[in-house]
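Next up: the structures, one after another.
Here chain A shows up in two complexes: once beside chain B, once beside chain C.
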Partner chain A sequence: MSVTNLFDPSGIAVVGASDTPGKIGYEAMRNAIEFDGPVYPVNPSASGTVFGREFVPSVTEIDGDVDLALICVPAQVVPDVVAECSEADIGAAIIFAGGFSEAGPEGQELQDRLVAAAEEGGVSLLGPNTSGFLEPSRDLYATFASDIEGIPAGNLAIIAQSGGLAYAVAFQAENAGVGISAMVGLGNRATVGFREAIDYFDGDERTDAILLHVEGTDRGRELLEACRESETPVVAYNVGEQDVGDFAESHTGALTGEHELYEAGFAQYGVPTVRSSPELLDAGKALADCPEPDGPNVGIVTAQAGPGIAITDRLKAAGATLPSLTEETQAVVEEILPGITFSANPVDTGRPMPEFGEVVAAVARDDNVDIVLVYELYEGSVGYPTDVLEGVVDEVDKPIVFASGGPEAILDEELAELEELRIPTYRAPERAADAVGALVRYAKRNRNPDAVAAEEVNADD
Partner chain B sequence: MSVTNLFDPSGIAVVGASDTPGKIGYEAMRNAIEFDGPVYPVNPSASGTVFGREFVPSVTEIDGDVDLALICVPAQVVPDVVAECSEADIGAAIIFAGGFSEAGPEGQELQDRLVAAAEEGGVSLLGPNTSGFLEPSRDLYATFASDIEGIPAGNLAIIAQSGGLAYAVAFQAENAGVGISAMVGLGNRATVGFREAIDYFDGDERTDAILLHVEGTDRGRELLEACRESETPVVAYNVGEQDVGDFAESHTGALTGEHELYEAGFAQYGVPTVRSSPELLDAGKALADCPEPDGPNVGIVTAQAGPGIAITDRLKAAGATLPSLTEETQAVVEEILPGITFSANPVDTGRPMPEFGEVVAAVARDDNVDIVLVYELYEGSVGYPTDVLEGVVDEVDKPIVFASGGPEAILDEELAELEELRIPTYRAPERAADAVGALVRYAKRNRNPDAVAAEEVNADD
Partner chain C sequence: MTELTESGVLEAVRGDQRTTLTESEAKDLLDEAGLAVPRGRTARSSDDAVKAADEIGYPVVAKVASPSVQHKSGWGDGVGVNVNLEGPDAVRSAAAEILEAAEREGIDAAVLVEEAVDLEAGLEVIVGGTRDPSFGPTVLVGLGGITVEVLQDTSHRLAPISTAEAVAMTEDLEASPLFDGYRGSPAVDREAVAEAIVTVGDLLDEHEAIREIEVNPLLARSDDAVALDALVSLED
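== the complex of A and B ==
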C-alpha cells in the first residue's frame, strides 16, 4: 500500500462531515476546504451543504477524484467505512476516533477488524486515535485541530507517535518563526507507521530534516532501519525514560519501557536523540538548515564568558570535541583583537566589537573546526556581523550556529538576517549548545566504523 | 560593610563618564540618568556637560548626596579611585573593568590592592569584571549594557556570577513577559559575593524568588548557608558539570570543577538546581508566583496524552510522586466526564472540553495532591478554564501550573489571564514539568529530616 494517496492526495472526502461547530466532522471539514483540490463532505443523514459543498450520502457516490478519506465517525462504524472507501477506490484514510488497540481487548479486536478491512481493500490508514496531519505549503490540513493556519511552511517534517505532541512542536515552530513541511500524528499506527512515514518524507523534496517523537513501538527494528536508511537527517525525541507504563499503554496501545534499547539503537545508527519538544525543534532546525558537519570538532566564539562557559559545559557533555585552533587562526585572531581575553577555543572576545564577525569567520575557516557556535549578547552600537558572515557558510561548507540575547523586537529583525545566511539562530546559549550537540552526534554517524559493523550483525539476525 | 549603599543608593557618581558613544563611561552614564535621584558624571579631563549634567573633576568635589560610584576607568587606576570614593563618603562602587583576579598573578595583586583600599575605606564593591546590576522598578540601571529599558519590573532577583549570563536570563524574562526585581552580575566578587547579595534580596520586599547562577566560588560554604537561611525561595543554575577549567578560570578567577560538591550541597539544603538559563527562569517563576507547596505529590491533568506522558516521564525523573487520587476525586472526575480516557493520575481528558476546568479544580482540591500540573493544547471553541479557576489557587493554597501550545498571539492574551490567577504558564510541556520539578525539590526541603541533621553536623566543623 502506498502512502502517496495519504500524503499527496488529489481529492479529499470528509466522512461524517457535519455543520455543527465543535464536532470533529465540522472542524475537519473546515480545515480540509483550504486544500487546493476537490473536498467532499460525506454524511448519509445530512443534506444541503457545508462550507458551500453539497453533502454526499456515501463515499461510493462521490463523482470525482478522491484518494484520501478523513473518517470522523465513531469507532464501531470505522471498519465498514474503510471497506466502503476501498469500494470507492480511495487509497488512504485517516481515523480520528479512539477506542481501538489503546482501549483493551475489545478495542484491539476492533482494530484487527479495521486492519483486515484496510489490507483487503488496499487502504493505507493513518491512526486510529490520531489528530491527522498537515502540510502547510500545500494548504493540506487533514486534521480537526484549530488555529493551525498560521503554522508556516518550511523544511522540517514532524513525525510523532502522539498527535498532541506533534501539535506542541508545530506551534512552538510557528511561534519561533520556523516552518514545517509536514506534521504527522501517527496514533495507533494500524498500517502506516514510522517506517512508512520516514520513507515518504525522506523522499519529499520539501523536507530537509525529520523530527521523530517515539513513545515505544512494537516495530522498533523497522523504525531504526528507516532512520539509518534515511538520507534526510533524522533526530528523535524518545519519551519514556521513567516507567510511565499504564498511562502510555492507554494512549497508543504501545509499551514504553524499552527506552534504553531505543537510545542505544538510535546512537548506534547515528540518530541524535533529544529530551524535550523544544530541543527536538532546535536540533531539527540545525540539521535542516546547516551543511552536513564533517566531524564533532566545535569552535566556539563568544562575546560573554559566562554564556560561553555554559555552552562549553553542555557541549562537552554532548560528546563534542573542542580542538585547539591552528596557529594560523590564533595569529589571525590575535591580530584582529590584540590581548583578547581568551584566544584558545573558546575564543572569548570580552565584549561584542566591530571585528567580532572577522573572528567568527577566522574560526570557521580553521581546518581543525567542523562546526562553529557563536554567542553574542546584542549590543546596539555594534549589531550583528551579518555583512561579514555573508557567504561564509557556503565558502567553508560547515555549520555555523548563532545564539544571542536581547529584546525580542530586535532579535526578530536582526537574527532573521543571519538565518538568511543559512545560520540558524537561538535565543538561549544552552539551546544553541543542544542543537550543536545534535549536529555533533549526527556527524559521528558517518565516522563510526562500529555502526557499519553493527549493521552487518543486525542483518544476520 | 553594608550593601544598602550599593543596591539602594540615594545618588550616583559615574567615574570616567564620557560623551563618546560606545565608551563604557558613556553607556553607563546614559543608563544611570534614568534613576530618580542625583547622577554626577566625574572626569578630571572633561568639561562641559553630558546628558545635561555638568562634569565634576573628582568624586571628592561632588556637592550632593552620593553613595554609589559606577567606576568606568581602566583597572590600574581603580584602587586609587576607590580610595577617593571613601574620602568622599561613597559607600559602594561597581568596578566594570577586567584585568583583576581573573588575569593571573599581576591581576590578583591589583585586586588585593583594590580590596585593601575598599576595606580600609569601608566601600562595598560589586565586581570587578562585572556588567553591574539593574532594578527596573526603580529605573536603576547601574550598568553599561544597552537596550535594557524594556526589561520589565517583577518579582525575580537574578544573582549571577557572570554578568553575561545574567543578561541572557533577563532578556529571556523580558521576551517571556516575566518581570524581575533585580539583575546582578557579581563578577570577581571582591567584597560583595553570593552571601551578601542573597541576604539583601531575601530582605527585599519586591523579590519573591532568587535565581542564582554559580560557576564556582571559593566561598562555597557561605553561599550554601545563605541559601539555606533565605526565607525567599532560591533556585540555582550550577554550571561546570564538565571540565571547563582554563576558560572558566580566565573568566571570574574561580575554579569550577567542584560541581558535584555544590549539587550535593544544594540538594542537602533543599535548593532546586537547574541545567540551563531557560530552566532557571521557568523554575524561578513558579517558585515566586505559586503558594509554597506542602509536598512532592503532583496531580497531572492533561487534554492530550502525548504531552502528558512526556510530562509524567520528566516529573518522575525529577523525583516527583504521582499519588492516586482520592475516591472522592475520582468519583467527581468520572461524573464530570463519564468514560474519560484515563481517570487515575494523570487524568487524561482526551480533548479539551467545557468541563476541563472543573476537572482541574477537582484534582486541586484532592488531599493527596500538593501541586497541580495542567497541559492543554489551545482549542478555540473551548478556550482556557480561566473563569472556573478563579480563586482556586487561594482556596486550595497549592501551586497550579499550566502549560499549553497554540499560536503566540492567542497564548499571549489568554495565558495572561491565567497568570493573573497566580497560575504560572508555560509554552512547552517539558518546561512546565521542569518548573514543577523545582517546586517538588523545594517542597522536599521542609520535609527532609536529613537536612536538619546535616545542618547540625556542619555547625560543628
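== the complex of A and C ==
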C-alpha cells in the first residue's frame, strides 16, 4: 500500500467537517484549508458552506481530485467511512478517533474491522488514535491541533508513535527556531507503521534527518531494518524502562525486557539513541545539518577550560575518541597562539581571542579529526569567528558543532549566522556534547557495521 | 551421549507432546551444537547408575531426570540433586532415593549421572536466549547468582551475532573485570563464553520451534566453558 497519497496528496476531504468551532471537524477543516489544493468538507447532515467551501454529503459525491481523507467521525462508524473512501478512490485516510486497539478487546475488534476495510479497499491508514501529520513547507496541516502554523519549515522529519509526543518535539523545534520537514503521529499504526513512514521520509528530498519516538511495537525487527536501510540518518528516542519480571521460571525471560532489546537492537543496527525529547531534537539537528562524519575522532577547541572538561567527559562516555592532533596542526596552533594554555586535544585557548577561528579551522583541517566541537562563551569585543569559518565546513567536509553561552538576544542573532554556515549551535556544553555523541555513534555504524549486518549486506550483493 | 541431531532431539520431545526438554535432552542439544557439557548419561536403575559412575570416574553428580521435574533441587524432599558422590555406595544410595521418590510420586524418572565439576575452578555465568514476539531471536549474558538477580547486570543482543559481538557483550557487564581474574583467581576463557552465546543465538535462529534456552550456570574456566545445567523450552 503506497503512502504517497497520504503524505503527498493532491486534494483533501474532511469527513465529519463541522462549522462549530472547537469540534474536531471544524479544527481539522480550518487547518486543511491552508493547503494549496482542493479541500472538501464532507457531512451528510450539514448544508451550506464552511470556510467558504460547500458541504458534500458523502466522499463518493465529491466532484474533484481527492486522495486523502481526514476522518473526524466517531470510532464506531470509521470502518464504514473507510469503505466509502475506497469506493471514491481515495487512497489514504487519517483516523483521529481513539477507542480502537488501545482500548481493550472491543476496540481491538473495531480496529480489526477497520484494517480489513482498509486492506480490501487499498486505503493507507494513519492512526487511529493520532493527531495526524503536518508538513510546514507545503502548508499541509492534516491535523486537528491548533496554533501550529508557527512551526517553521526545515529539514527534520519527526516520526512519533504518540501524536502528543510528536507535538511536544515539534513545539520544542518551534521554540528553538529549528525547522521541520514533517511531523507525523503514528498512533495505533493500523496500516502505516514505522517502516512505511521511515521509507517515505528517507526518500523525501526536504528531509535530512529522521527523529523517531518509539514506545513499543510488535514489529521491532522490521523497524530496525527500516532504520538500517535508510540513507537518511535516523536517531531514536525509546521510552519505557523495563519492568523486571518474576525469576520463578527462568532468568532469561524475566531479564529480557523490551527496553533492553530496543537499546541493543538500535546499537546493533547503527541507530543513535537518546534519552529525552530535547536531546532527540539536538541530535537530529546535528545529523541533518552536518556533513556525514567519517569516524568517531573528535577534536575539541574550547575558549574556557571548564566547559571543555564537561564536554570531554561526556564525549568519552558516549564512546568518542579524542585523537592526538598531528604535529603539523600543533605547530600551526603554536604559531597562531604561542604559549597557548593547552595545544593537545582539547585545545584550550584560555579565553576568546581574535585568533580563535584560526585555531578552530586548523583543528578542522587535521587529518586525525573527523568531527570538531567548539565551545566559546560570547565576548562582545571578539564576537564569533563567523568570517573565518565561512566555507570551512564544505572545505573539510566534516561536522563542526558550536556551543556557546551569552545573553539570549545576542545569541539569537549571532548564532544564526553560524548556523547558516552548516554549523549547528547549542547553548549548553553538554547539549553539544550529546549531539556530537549521536554523530559519533552514527559514524561508527558507517565505518564498522556489526558483523551480522555486514554479512547481510554481502549476501544482498 | 546419544547420537541424535539437534532436530532429532526436538522432534523426539515434540513427539511426546512436551514443550520442555529434560536437562539431559537440553544438554544433548547443546552438545550437538558444539557446547561443552559434563560427561554423563542417564541410568534406569541403581546398578546402572553405579556402572555409569564407574565409566565416568569419581566423583560424580546424580540428578533426577524426568520430563515431570523442572526444579530438581526442590523435588522429592531434596533427593533430586546429589553432588560430590565419591564412590559406588554413595551413587547407589542416591540413585535408589531418586527412583523411590519417583515411584512414590507416580512419575517416570531416571537418574542422570555426570562427572562432578569443581565450581571453584571457574566463574558461573548465565547465558540465555529467547524468541521475542517483536524482535525474534535474542540472547543475553550475565554473571550467575546474585549479580544477575539483584543487580540485573546483563547484556543483550538480537541474534544471530558474531563472536566479536558476543565478546563485546561480556565486556558490557559491570562484572566484566572478573573474567580477567581477581584476587589470585585465574582469568577465564571469555571467548568460550562468547561462543556459547553465539551458539544459543544460532540455535534459536535455526530452530523456530525453540522458544527459550537458558544455560545456568555456564562454568567459564581458564580454557573452556562448560554447561552445567540447561533449560530448553519449545513454542506451544
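Here is the rule we use: the second predicted complex is superposed on the first by the 433 of 461 C-alpha atoms of A that agree within 3 Å, B and C clash if a C-alpha of one lies under 4 Å from a C-alpha of the other, contacts with A are read in each partner's own complex, and residues count from 1 in each chain.
The criterion applied here is as follows: contacts are C-beta pairs under 8 Å (C-beta built on N, C-alpha and C of every residue); 3 or more make two chains touch, one makes a residue touch a chain.
Computed from a predicted structure; not experimentally measured.
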Partner chain(s) touched by A:Pro105 [first = chain B, second = chain C, both, neither]: neither
Touched partner set for A:Leu261, first chain B, second chain C, both or neither: second
First, second, both or neither for A:Gly48, with chain B first and chain C second: neither
First, second, both or neither for A:Val239, with chain B first and chain C second: first
A:Pro338 touches, of chain B and chain C: first, second, both or neither? neither
Partner chain(s) touched by A:Ser381 [first = chain B, second = chain C, both, neither]: first
Partner chain in contact with A:Gly350 - chain B first, chain C second, else both or neither: first
Set of chain A residues, in rising order, touched by both chain B and chain C: 244, 247, 250-252, 256
Parts of chain B lying in touch with chain A, wherever the complex brings them together: 21-22, 27, 98, 145-147, 150, 160-168, 171-172, 174-175, 213, 215, 239-244, 246-248, 250-252, 256, 275-278, 303-310, 312-314, 316-317, 341-342, 344, 346, 348, 350, 377-381, 405-408, 410-411, 427-431
Touching residues (chain side chain C, partner chain A) in the complex: 126, 128-130, 132-136, 138, 140, 142, 148-149, 152, 154-158, 160-162, 164-165, 212-214, 216, 231, 233
Contact set on chain A toward chain C in their complex: 216-221, 224, 244, 247, 250-253, 255-256, 258, 260-261, 263-265, 268, 450-452
